[in-house]
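For reference, the structure I am asking about is given below.
Residue numbering begins at 1 within each chain, and the chains themselves are lettered A, B, C, D, E, F, G, H, I, J, K and L in the order written.
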């Protein structure tokens, strides 16, 4: 593990339900093209309002994954 | 939409339940006097502790709304 | 001037043309209800993209004005 | 206290005397129109210079107050 | 309350379930050795990924407690 | 729109003319390979100097685009 | 001095009087259990408001002290 | 170029016209006493308001120049 | 005033007495070589501890002054 | 050079030896797929500890490269 | 690993030799009283100058360790 | 030492070898014109890449020195 190189990508996931679900949705989508995802970090938590209520959350996520040799 | 002007206000919502509920409570209260709320951004996530347990969450929220002409 | 109290409000102005025009649009709208505006500070510079081109700029502006006695 | 909603406003108070007095002056002015102020936070400490000496301090203050139901 | 001195410590709590549960787990552990905890502040929200899914959340928490005389 | 996932990329655009033109140049180049660009955010504004004059602006831009399913 | 190791702790001191007094109160309390304190840094300046006036200042202080061998 | 030492100075340029012009004005003035200016970075974008309109822009600029041997 | 160019310098002033006195001491010293100082901004507030008490305050100050033509 | 567009990517390099070696390892790996790398910036310096000693350094690096036409 | 709680402490290590050695010195000292150290993060890199040369480096390090049950 | 006034200047030093050497090179150059340098702080760590390898490091350094009476 001491010689790994990681790459970080920045995503924004959405969900009408919760912050956690917005992060999960981002990872579900990323999994289609990115392998070896290791960790994530929430960078911003925002959302859209409709008729005075939270319509959906938008959560910025930085995802780190191992670059294979 | 390209000529809208928005105003941002800063609120702190509270809830014994969750971060999401604290944001919702802030919006419910804001809705009484603010129209055309469009988006929000979480600026800080804090809380109070009672007897070693979370008593309630306090979440800072910046809310953006359209200024009507 | 040494005993003035100022209030700051946060606006977002839009313009398809430039950053400067977006700030001006925010001030034009604010002038309708706010008197004695003294200075502003740009807090964020964003924009929307349509068909790969800048559709309009969205510029965050903090405006300071004198509170009259 | 667990279901309160607070609003934050941003002020700049001035005083030729001290940082503390500049904050106090901002609160004295705010009290005329804002009720239920609970806490404040100093966000920036600046000042003007005249003939090489401090003419007056200008201190940015965020003030939080309870929104009544 | 005006003459209290507080100390702040920094913890990282983990949970497979949610951000809130990760904070709670940190407090449960801290309660074993720290008395008079008063408030907390979330400083970072991260997590580990296993097989493309969130394995567990890791949430940084600053906890403030009263130093007794 | 509530279930979209976005990716953000970071570019630096250049222009001898203006900040706006530097952002536009970054987007023109990005459009060749990136579809569905939605918004951008200016992250830094720099430039090079030649003979005491601005030779060209270099503007950092984060661009967000929709990841298609 | 070139081989010293320091530890930093974070305190919050309170005083109805001034920012300086709040820092001093934090150090007076810390001195009971911490030896060899060398320097401090003010990290945040806040306060509580009662009846529209400053009730007491709350000042965050990071204190560095030498770890003895 | 690998053994150059640069010095950075901080200026504030003004212009009634644009952000770009305010930066240029700062460089024009700096050129009178500073040689070998290489790059700049915009650090803050502010301005003064007169009668509800932008009177002039004030732009903070860090300028880097080569220290000659 | 709309065509002035300012330069900013960074100082650290010291005083056993207060934050305000530390800033004043920095300005008194700067006045010997710098003319036309207009404003200052406190950038950090630190201090040294001797025998568990504040020995002196060290306050970082950015000072802006007009560059004459 | 005034019309170049650059892209920035974020990597994390590891090395048991030094900060410099961790950055080099990130670049060695990136070189396999990225051409025209021009500059880098260290964004965070972390590491893992084993038996009370540094096991390896983990250094965050933003790398900028020219996008060819 | 998903239910661990970590505590973070802040140290400053010194060394006349290098940044890496300053971090190592901090860890060597911490190891005397802290068990289960897992990771560290460099928070600031400073140093003292004697006769125009680096006398020693002073490096701020946040160290995370597992709190045992 | 309690009545000293310090000035801070910002330099960028370069070296093909290491971060430490880049700082040293900045100080060697500064020593030619600046007396009584006391401390430094690393503000940014960057570098240039040639053929996929680190060509040289560029390290930002703030240097503090005593202003003599």
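Going forward, a residue touches a chain if its C-beta (ideal position, glycine included) is under 8 Å from a C-beta of that chain, and two chains touch if they have at least 3 such contacts.
What you are looking at is a predicted structure, and each value in this text was computed from that prediction instead of being measured.
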| item | value |
| --- | --- |
| If a chain touches chain D and chain E alike, it appears here | B, G |
| Both-way neighbours, i.e. chains that touch chain K and touch chain E | G |
| For chain C paired with chain D, centre-to-centre distance based on mean C-alpha positions, whole Å | 22 |
| Gap in Å, rounded to a whole number, between the CA centres of chain E and chain C | 38 |
| Euclidean distance of C-alpha centroids - chain E vs chain J, Å | 32 |
| Interchain centroid distance [CA atoms averaged], chain F/chain H, Å | 22 |
| Set of chain G residues in contact with two or more other chains | 9, 18-19, 30, 48 |
| Touching pairs among all chains present in the structure | A-B, A-E, A-F, A-J, B-C, B-D, B-E, C-D, C-F, C-H, D-G, D-I, E-G, E-K, F-H, F-J, G-I, G-K, H-I, H-L, I-L, J-K, J-L, K-L |
| Chain E-facing residues of chain B, complex | 18-19, 44-49, 52-54, 57 |
| Partner chain E, residues of chain A touching it in the complex | 18-20, 23-24, 27-28, 30-31, 37-42, 63 |
| Chain E - residues contacting chain K, complex | 9-16, 25-26, 29-30, 48, 55-56, 60 |
| Contact set on chain I toward chain H in their complex | 1-9, 62, 64, 67, 69 |
